[in-house]
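Quick notes on the structure that follows.
For clarity, chains are labelled A, B and C in written order, and residue numbers in each chain start from 1.
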Amino acid sequence: MSGHAFKEFKINWGMVIDLDKCTGCGACMTACQVENNIAPMVDASNKMRTLSWMLVFELSNGKPAPEAEVAYLPRPCMQCGHPACVPVCPVVATDKNEEGGIVSQIYPRCIGCRYCMAACPYHARYFNWEDPIFPKGMEKALSPDTSTRPRGVVEKCNFCHTRLMHAKDKARQDGGDPEALAEGAYIPACVEVCPTGAITFGDLKNPEHKVHQLSKSKNAFRLLEKLGLKPQVYYMSNREWVRKLGDNYAAGGKPGAEKKHS
Amino acid sequence: MGLDRRGFVKFVVGGVAGTLFTPVIWKGMDDAAKWSQNWGWIPRLPKGERKAVPALSKLCKSGCAVKVQTVGGAPFAALGNPDNPMSKGGVCPICAGSVQLMYSPARVAGPLKKVGEGKYSPIKWEEAEAMLVEKLTPLKGQDGKIAAISGDETGTANEVLSALLAGLGNASGYCAMPGEMLTATRGVKLMGGAGQPGFDIEGADFVLMIGADALDSWGASVANQKAFAASHPTGEAATARFVYAGPALNNTSGVCDQFVAVPPTATGVFALALANALISVGATCSAPDFADYKALAAKCTPEVFEKATGLKAEVLKDLAGKIKAAKAPLVIPGASFGQGSGALDFVAGASLNVLLGRVGQKGGMTLLPAAPKALSAAADRAEAKDAGSFMAQVATGKAAPAALIVYEANPAYALPQAGDMTKALGNIAFKVAFATYMDETASLADLVLPAPHPYERFDDAMNPYGVAKPTYLAGKPVLAKPVVDAKDPVDVLLAAAGKLGLSLGFETYADVIKAKAKAVGADMDTLTGGAAWTGEPKGGSLSLGAAALAKAPAPKADDKAVALAPLSKLACGTTELACPPADLLTIRDTELKGKDLFVQMNAATAKKLGVAEGNKIKLTGGSGEVKALVHVNEGVAAGTVAMLMGFGHSAWDQYTKGKGDNIFKILTVSDEAGTGMKVWAGSTVTVAKI
Amino acid sequence: MDRALFPEGLERCSFGKFALWLLFITVFLLYGLYAMIVIFAKGIVVTGLDNYFGFGLWITVDLAIIALGAGAFFTGFLRYLLKIDQLANIINLAVIVGFICYSGAMLVLCMDIGQPIRCWFGYWHPNVHSMLTEVIFCITCYCIVLVIEYVPIILEQKQLYRIPFIHHLAHNMHLNMALFAGIGAFLSTFHQGSLGGMYGVLAGRPYAFREGFFIWPWTFFLFVLSAVGCGPIFTVLIATLMEKLTGRKLVDYKTKALMGKIAGTMLTVYIFFKLIDTWAWAHDYLPTTGLTFDQMFYGVIYGKWLMFTEIILCGLVPAIMLITPSIRNNPKMLYTAGILDCIGICLNRYLFTVQTIAIPLLPFDKWQTYAPNWAEWATTGLIVAYGFLVLSLSYRYLPIFPQERAMNK
């Protein structure tokens, strides 16, 4: 009963985020907010109520001054291979059923029960606490790509899915294969805007895409790998303390250690 | 009447089935599904043809070359322009949310006339322009009666301002808001050179940033970030090392190979102690003042270094070794918040480049030639007065202008000892503010003239501070008409000049920029199409500035006070722009919580001050005080308290007004020995628990 | 005044006194209704729930009252299918308590979801893999069953019963009661199990997650057992509370002790397996996630004492008390054990709901805490007040307790 069968896809859209290049400037969060029509929040300092599909965490090596170091970790939706959120949704408002492996969220279907939020250990899912009210006039600057969501539904990053649709359309118009997009033909807004190019995006299964190789490098890791959710977002860092913060190693394991159970 | 078991079942089933056959339930359910998605108050998405229009967003200091995405002609997002050699497709966090700022609730919707304390009434443009001319006419030809403060470092609008003032016989009234550019140009002069310094991060294999937050808020940050990215290809070995020496861990240090925690009061000592360490491992140069310099540096012994920074001398030795081993090291001096450091701090840092023989070299420090001017009557950019010094004179009555033109600047908020500055502004009878947003200065002005948003106007950027080569960018409007009743300030000034009987040779800013492009040797259409013009840096050598450095006073020890390190984070806005609504999310809850700003310090400092995490404290310095909550952050240098700037706005909108406190209030201005410059980067404050 | 409506041959307090009592309940009802209106108008932003705690008091209350309401199906099952006739003395109360619990839970769920207008999507767009879908289906169906079981009790009201049609209807419903009890038992077993499964399947939440055999059938039956281990004794506690409030004897102690024995037996089986489950979880499963037992707890608010209170003080202790005849037959001890038992099960539901999601799994994340606010408490109070109202009216006007007349002579 717990064995929900997950589809395997030929294409796995994914990211490799080089944490040694992320300055934590926040451009990705801003671009995400603009691309996805997230209304600005008057008190955005209450992080327990904000909507941040993309969130940059601050990591600390925990050492006292002057040895202290920080790193920044952007957290989009992990688009897990074995998502914890999908099988729990009572109304099929979220699914992982499209080639590419992006976990969808169907806002008109969602009843806002928040079971998926309880399921996601990455806190990638956000409940829309309030209606999207923009200051007067700002609604004229809405992006045509992402529908606005009423309050009471859960929403999350979908790798700017409309951009995938546009890329496929363009491929069709150009006589190409929409199921074999070239690297760079489709990238989410956060990847595009990042001033240091910390995020590499592409098909993890396609050897012609950089992410394919990068995801296999020795410094690559995934968050909470041991839980077995198989995220499609990888991170990499040369700093061991950063890698170590990607998962729990209480049992004495080392970063990058193989997951013990399946 | 009988109802048997069968009859009962029939009754129940029939009743249920009967209800289901009526359309009421199904129609109701269908409608409910639609309503719950499409309530009238949920905004609808725009439709129409989509375009990407190249533009120049000057909301950040250096300007981002972007492609504005439009749908049906209306802009909705700013994405990077990969074809632009400056930003190479990257966008800073401010410009990423730039389109939304067109509709900021703080935008000035039309010309406003002050009718009482804090009260304004909308007026027509004709009336506003007539008022401007009327107020300036009697002051014409009386030097010192008209002043202008510009907050724009790069635009040719400055030439118009300067030429206008000169034409009105007030050439000395032209002031610029403080920034690195002003300090650095003075510093270069002290080193026997001329011009704006540039830093070739792209070509360096070892970059030491002393204070300068080069990968977030200092200089042409996106270009800097791109240069950093190029030397750090993902998945491959890095080709350059980056070291940040500054008062606190910030965005720049987040990606650096090393962070050296240097209190803001010890920047100069750090640089000279490093020079000493370098000389002791064999660094030498042919500068004429090397001997004096060596003697000066020798005074900054490891002991002096340890005392001033609270660090171990090994750090210095290790750093000197690494720099010595590098092929193309580069030192970037600056202040952690992009202003307020003295020319001597610049000289101390920049002299390392001279010592290492890195001036004019690939991956080294360059000097940019003065840019050709569009208006010959305009003064050189470097000749602008420092607005801080000028306002200090106004405060004490040494300067008594009767009219002040404020162009894209917010002196009431963003000058040190902000409280005094606001008062000083009150001494000026007529203030006109060209402002896109109702900021603190506009809220004090007698006449507020709405300026267009960058996507509604022509504008340009010449040599944004930090670029290694002469660089020129220009942009044209994305929208044919501003979304509010705004007029280009330069157009207004040119028209006013005409009415004041002064011909500056142009009628619109667009014409001015065309002339500038021509003078530079660039093609206007190519520039506004999103390209950038670049030239070559000029040659020339610099001295080590030993003579100037010799006048630097020894740092004073004050046990009661702690060093104050203002931190700047681009996403929190600039001195001219409050944090954009789309950037509020990026502020951490360890930086701002509700309306309270956090002051960061390490555990040792907190212990010394007798405060703990979450305590509310009062910081006193300069001519004011600031209240904040304590956040213990081990990334702050010894004996230093760090605080984000960009908060504590009393104007603007619901997104920023009243949030946090303004650190400019507690910065103390002092005179730099030997240069006469006003400095406030090494301010100290006293801390009290409340 | 309303004497004509009283059950045949029974005394009730004066109408004035009853009206005062109703007024007292109404205060809570109105406050709760006000909170409910605010919640529907402004959304659940008015509650204490947040990005980290999508589930809170409401879901805990839902799970807890569904467990406590399990007395209805289990007593029905024993009474009608296993024919333990002595339970007829308390079955009506068990049904009413069950009805209150389930209808209350559904009301809370409607407030809890962000889009109440879409509450029916669970039936229209069901996800067969979701435990919550199963729960929604079973709870609704079982709530209907409880209505069907409750209706004949209402129809037996003295005045109504005189109408021949109603008399026949009630009679026919009674004849079919075994069928409904069977359906009820079947549905309840499913959703009580699924409620456990709801947490057991959360692969990203190590506090609740169980693998393979430990989810099915293990966790399912743990939840079923825990529900039937507290439901019957909760009914007894309600009966006793009603006795205290009315000053009349309603159910004989023998029946109460029998219910205690039933609950105690179930609780004992449950605790036995729960101990094994907890040990296997801490010893085998947790280390594979790189976490330790200690990391599951934090400070006082999410401290280990909660788990020990749940399993030992409010699990093992009442289980032993209830299965030991000498303790069980002492009323004070029986009630004490019953209260401990019910607290233990509520605590279990709370921990699975809140502790599960409070644990920061990302190593760079921090513990967050959750406290329900007035809106959640007020609406929870609404459900309790609603329960008191239904019970008060039922007691005053309906013949619930077959033994009442004999015992109060």
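Miscellaneous remarks
Criterion: a contact is a pair of C-beta atoms (placed from the backbone, for glycine too) under 8 Å apart; a residue touches a chain by one contact, two chains touch by 3 or more.
Source: prediction; values computed, not measured.
Between B-C and A-B, more contacting C-beta pairs join the chains of A-B.
The central chain of the assembly on a C-alpha centroid basis is A.
Chain A and chain C have CA centres that are 39 Å apart. Centre to centre, using the average C-alpha position, chain B and chain C are separated by 60 Å.
Work out the mean CA point of chain A and of chain B, and you get 30 Å between them. Touching two or more other chains at once are residues 47, 50, 58, 60, 131, 150, 152 of chain A. For chain C, residues touching at least two other chains, in rising order: 115, 118, 121, 124.
Residue positions 33, 36 of chain B each touch two or more of the other chains. Residues 1-5, 8, 29, 32-33, 35-36 of chain B are the ones that touch chain C when the two sit in their complex.
Only residues 1-2, 4, 47-50, 57-60, 73, 82, 84, 87-93, 109-115, 117-123, 126-131, 150-154, 223-224, 226-229, 244-251, 253, 259-261 of chain A touch chain C when the two sit together in their complex.
Contact residues of chain C toward chain A in the complex are 43-45, 49-52, 54-55, 112-115, 118-119, 121-122, 124-127, 129-133, 136, 197-198, 200-206, 210-212, 215-216, 220, 285, 287-292, 295, 356-357, 361-365, 368.
The residues of chain B lying in touch with chain A in their complex are 33, 36-37, 39, 41-48, 50, 69, 71, 74-80, 87, 89-93, 96-97, 99-100, 102-105, 215-216, 221-222, 225-226, 228-229, 232, 234-235, 249, 251-255, 259-261, 310-311, 315, 483, 569-571, 580-590, 592-594, 602-604, 633-638, 653-655, 659.
Against chain B, the residues of chain A that register as touching in their complex are 16, 18, 20-27, 29-31, 33-35, 37, 40-47, 50, 52, 56, 58, 60, 63-66, 68-72, 107-108, 131-150, 152, 189, 192-198, 200, 210, 213-214, 217, 236.
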